[in-house]
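What follows is a pair of complexes built around subunit A, which joins subunit B in one and subunit C in the other.
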Partner chain A sequence: MSWHLTPAQVDEYVSSTVDDVTAMSVEAHLMHCPPCRSLVPADEAWLADSWADLRDIVDRPRVGLLERALTALGLRQTTARLLTATPQLYRAWLVATVVVLAAALLSAHHLPRGSLLFAFTAPVVPLVGVAVAYGRGVDPAHTLTSVTPLAGQRLLFLRSCAVLVPALVMCTAAALLMPSPTTLWNAGFWLLPSLTLVAGSLVLSRWMHLSAAGAAVGGLWVLAMVLFAATDQISVLELFAPVSQLWWAAALAALVGAIVLRVRPA
Partner chain B sequence: MKLLRRARRRAPSPDSTDAVLLAAVADGSTEALETLHRRHAPWLRARLRYRCSDPDQLDAALQETFLAVWKNAGSFTPRPGDPDAGAWLWTIAIRQLISQLRKRANRWIADSDSEPYETIGDASAEDTVLLNIEHGPLGAALHTLSPELRSAIQATVLDGLTVREAAEILQIPEGTVKTRVMRAKARLREALT
Partner chain C sequence: MSAPATATAPVHARGLVRRYGSRNALDGVDLDLGAGVTGLLGRNGAGKTTLLRSLATDLDVSAGRLRVLGRDPGDAAERTEIRRRLGYLPQSPEFYPHFTAFALLDYVAVLKELGGRRARHDEIRRSLDRVGLTARRHTRVRRLSGGMRQRLALAAALMGDPELLLLDEPTIGLDPEQRILFRNLVSELAVRSTVVLSTHQIEDVSALCQRVVCLDRGRVVFDGTPATLIGRARGHVWEQTGRPRDGVTTWRLADGRYRVLTTERNDPAPPGDRSAVEPTLEDAYLLLTGVERSAR
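And now, the complex of A and B:
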């Protein structure tokens, strides 16, 4: 550029006191001349406001795929954000679940009476997930979350559901992959015991840490399994027989009723 | 990984060229966008003010301009040896202003998707002469033009608008824009030879 605008010319241009032709000339020059452009006075207050508005839009976090899927399923946006914001709480556990179920499937396909292992593990897998979903020592941010109004019952059940749904889906998928003929019964026989165990641990969590409650209930389940195996008189599979399912259903109803009663006054 | 990315993001300083800053914006750096905003918003605003007297619409157009920059920063291709993005930014800004004016004029008509932004490419010989307006004979020749012809020339040549866009911003039919530009160019040629 062979010539440059004088500050006076720029000022006149900005204050709209030049004639059309000079304005055209200035504009043609400004488009290609950064030094003259920097002479245009900046209204600092306006610039700051304008940038603040802009940053507000630009800085919005991108909504993740899972979060969008959850919102599409009808969850409130804040809830979806809450669930997806803590992937650390679920990721390790999800991987562990896959491994355990894969091992159970493998044994079912290759060992005699191996499908029993699946019958043992399927009810406990969701329980373990729920047990490590909430509480001190499990959640690194528990001290922070515990002082928010959201903490306590609501967050506990929210996280439990977030854990339960994928766990149940995975267990069902595993059940459908079992070597025995796939019927509705074979795919779902473990469901009621599993839900009962989870409900039991949630009820117990009133008096103890959720993880401890989960461990206690899970321990009971394992103990029962061992006892059944030791007595030899009744088969373990009796636990899943249609009559037992009725008992499980009754227990589940009672436990859910206890939970609801406990949440209601809160 | 994260450290590397952060290090790369820190790279553009307030003195970097537009091309470097735009590359950083394409990488997701808001600091680079802020620098660009600080550098270009004032003159874009001053220039848009000559085309629109409503400050709200003007600010909205500017905001849309920088949002478009944020989204399309990767599409900026500097001409060799010229990292300056002034012309590119202006084409975006003037089109955003037109789209703002259109929104106001007919809110019920869905806004069509704007075309991708291009830098003003090879100008014709006439245009090149016009773009180098100095205090020479061209200035005097422009003075002799009637305001209507001058505004037609300004919209099509100086602002780089298409005939349709010029018709929108000047609020006259497209045919009128064409004839006015032709007459203005003939008049200028006459005055310059």
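And now, the complex of A and C:
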């Protein structure tokens, strides 16, 4: 290096009174000249902050499309992270749901009284999804996270939402493809029973594992279907009739009330 | 060391019972734990993990009074408050294998409600550094060795500087160097936190714990300092050349002699080539639990 910065140039550069062209020249020189660089005081706080920012960008876990979409929709970043962090918990279930609904649709189109299979299946699909969404035995990292402040009821309901939304969308889409539909209202005959079953399992999960609660509620549903099918006087479809829908709505309201009361103190 | 016998101690338990069917995994446990490291010893099935899970709010107790960090784990709101100040390393922790180490800790940190993103990430880096996993932060969990996974679980427990740290078999899978690192780490934490360490590694207890609690069939059978426990065994430990015919526990040493633990105190004039030796903490523990086995 044949030349060095003069004290005047250093002063002007440090006090930001130097013109742009000279500033660029000074910076190019500083890159290669340790003696001159030592004359320029470093802003340690700025440097530390910049390094921390850089480190954070390098270390930050990759944000997936779904997480970005949820954040864009107004969800808090932490909630979006919790909702999307464990897709492998749902992947197998989502595939199974598609297969089951496709089978139900095929039978509805090609078998006599095949619609009954769909009427039986649609309310159970979200229930199964919720049952495998949270808890010891179904969540690989449950032991590591079970005693964190957000674990328990709050995580359970978050995960339930993560399962319910795609389940309801898929069931609605399948219902619209039924042979005798149909308005959106007619296609939603299974919705209230389904939500009631899910809410029932969530309430029951206070006293037993969620998967056991789901099995218990699902068992009751199967029993009801079998009993109705075995009786000549009442059709299974009565379970979905307008009057029955009122009963489902009342039961759902009561169960949701119980859930809200339970979650609020936490 | 005397226990702080007050309901304001970080851990205060009276008559704790936990039933599994007709069996009591905890059968009337009384315990007060203050700052420092307490070692929890006992055979398999003695109730150590059940006690730790109860303290960690992971398990409800069937009867008795339990206060953790001054709060009632049976109350939902207070349980959440306890969890904000708690670190828990479970026995045999499991993970999401496709997560990187950093992403897994980020997920746990969100569940621990650790600040905004930048503060959370700083805390994750600090925890990874403490357990020596900084260089592996972008490695997927499935590619980490067993010891590394154990350290990752420890890092998860350490995040947020918990006031109460519950460690269930923390040194399983760690090599000797990592165990030294672990001991140094726990010693530093114990200056300001209450640490409960459940383990079968007696040397960890010897190296770390100011206090030892021994459980047997769900009951506390000893609660005191390691020195007191060793003192109880003094006069009950022999070494001899021939195969012993008595003793609670005997085993063959590398030099061919036998070490014998007996419930009877040493005879001042021992027969034959029998000689009294200074007991270790392991001798004292084996005598206390009365294990009837003979390692040959």
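The criterion applied here is as follows: the second predicted complex is superposed on the first by the 210 of 266 C-alpha atoms of A that agree within 3 Å, B and C clash if a C-alpha of one lies under 4 Å from a C-alpha of the other, contacts with A are read in each partner's own complex, and residues count from 1 in each chain.
By our rule, a contact is a pair of C-beta atoms (placed from the backbone, for glycine too) under 8 Å apart; a residue touches a chain by one contact, two chains touch by 3 or more.
Keep in mind that what you see is a predicted model, and the values were worked out from it rather than measured.
A.B. asks: Is A:W51 touching anything from subunit B or subunit C once the two structures are fitted on A? First, second, both or neither.
C.D. replies: The first partner, subunit B, only.
A.B. asks: Should A:T145 be classified as contacting the first partner (subunit B), the second (subunit C), both, or neither?
C.D. replies: A:T145 contacts subunit C only, not subunit B.
A.B. asks: Given the touch rule stated above, what does A:L155 touch, subunit B (first), subunit C (second), both, or neither?
C.D. replies: second
A.B. asks: Name the contact category of A:S244: first (subunit B only), second (subunit C only), both, or neither.
C.D. replies: A:S244 contacts neither subunit B nor subunit C.
A.B. asks: Between subunit B (first) and subunit C (second), which, if any, makes contact with A:D59: first, second, both or neither?
C.D. replies: Once the two structures are laid over each other on A, A:D59 reaches both partners.
A.B. asks: Can A:R37 be said to touch subunit B (first), subunit C (second), both, or neither?
C.D. replies: A:R37 sits against subunit B, while subunit C stays out of touch.
A.B. asks: Considering only the touch criterion stated at the top, classify A:Q9 as touching first (subunit B), second (subunit C), both, or neither.
C.D. replies: Neither subunit B nor subunit C is touched by A:Q9.
A.B. asks: Have a look at where A:A28 lands relative to subunit B and subunit C in the superposition and call it first, second, both or neither.
C.D. replies: first
A.B. asks: Could you say whether A:Q77 touches subunit B, subunit C, both of them, or neither, answering first, second, both or neither?
C.D. replies: second
A.B. asks: Where on subunit A do the contacts with subunit B and the contacts with subunit C coincide?
C.D. replies: In subunit A, positions 55, 59 sit in both the subunit B and subunit C interfaces.
A.B. asks: Which bits of subunit A are touching subunit B when the two form their complex?
C.D. replies: Within the complex, subunit A contacts subunit B at residues 3, 13-14, 16, 19-25, 27-32, 34, 37-38, 40-43, 46-47, 50-51, 53-55, 57-59.
A.B. asks: Can you list the subunit A residues touching subunit C in their complex?
C.D. replies: 52, 55-56, 59-61, 77-78, 81-82, 85-86, 88, 140-153, 155, 265-266
A.B. asks: Quick one: which bits of subunit B touch subunit A in the complex? Just the residue numbers, please.
C.D. replies: 30, 33-34, 37-43, 45-47, 49-50, 59, 62-63, 66-67, 70, 84, 86-87, 90, 130-135, 139, 142-143, 147, 150-151, 154, 158
A.B. asks: Enumerate the contact residues on subunit C facing subunit A in the complex.
C.D. replies: 56-58, 75-77, 79-80, 83-84, 86, 88, 90, 92-98, 100, 102-104, 106-108, 110-113, 117-118, 121-122, 124-125, 137-138, 153, 156
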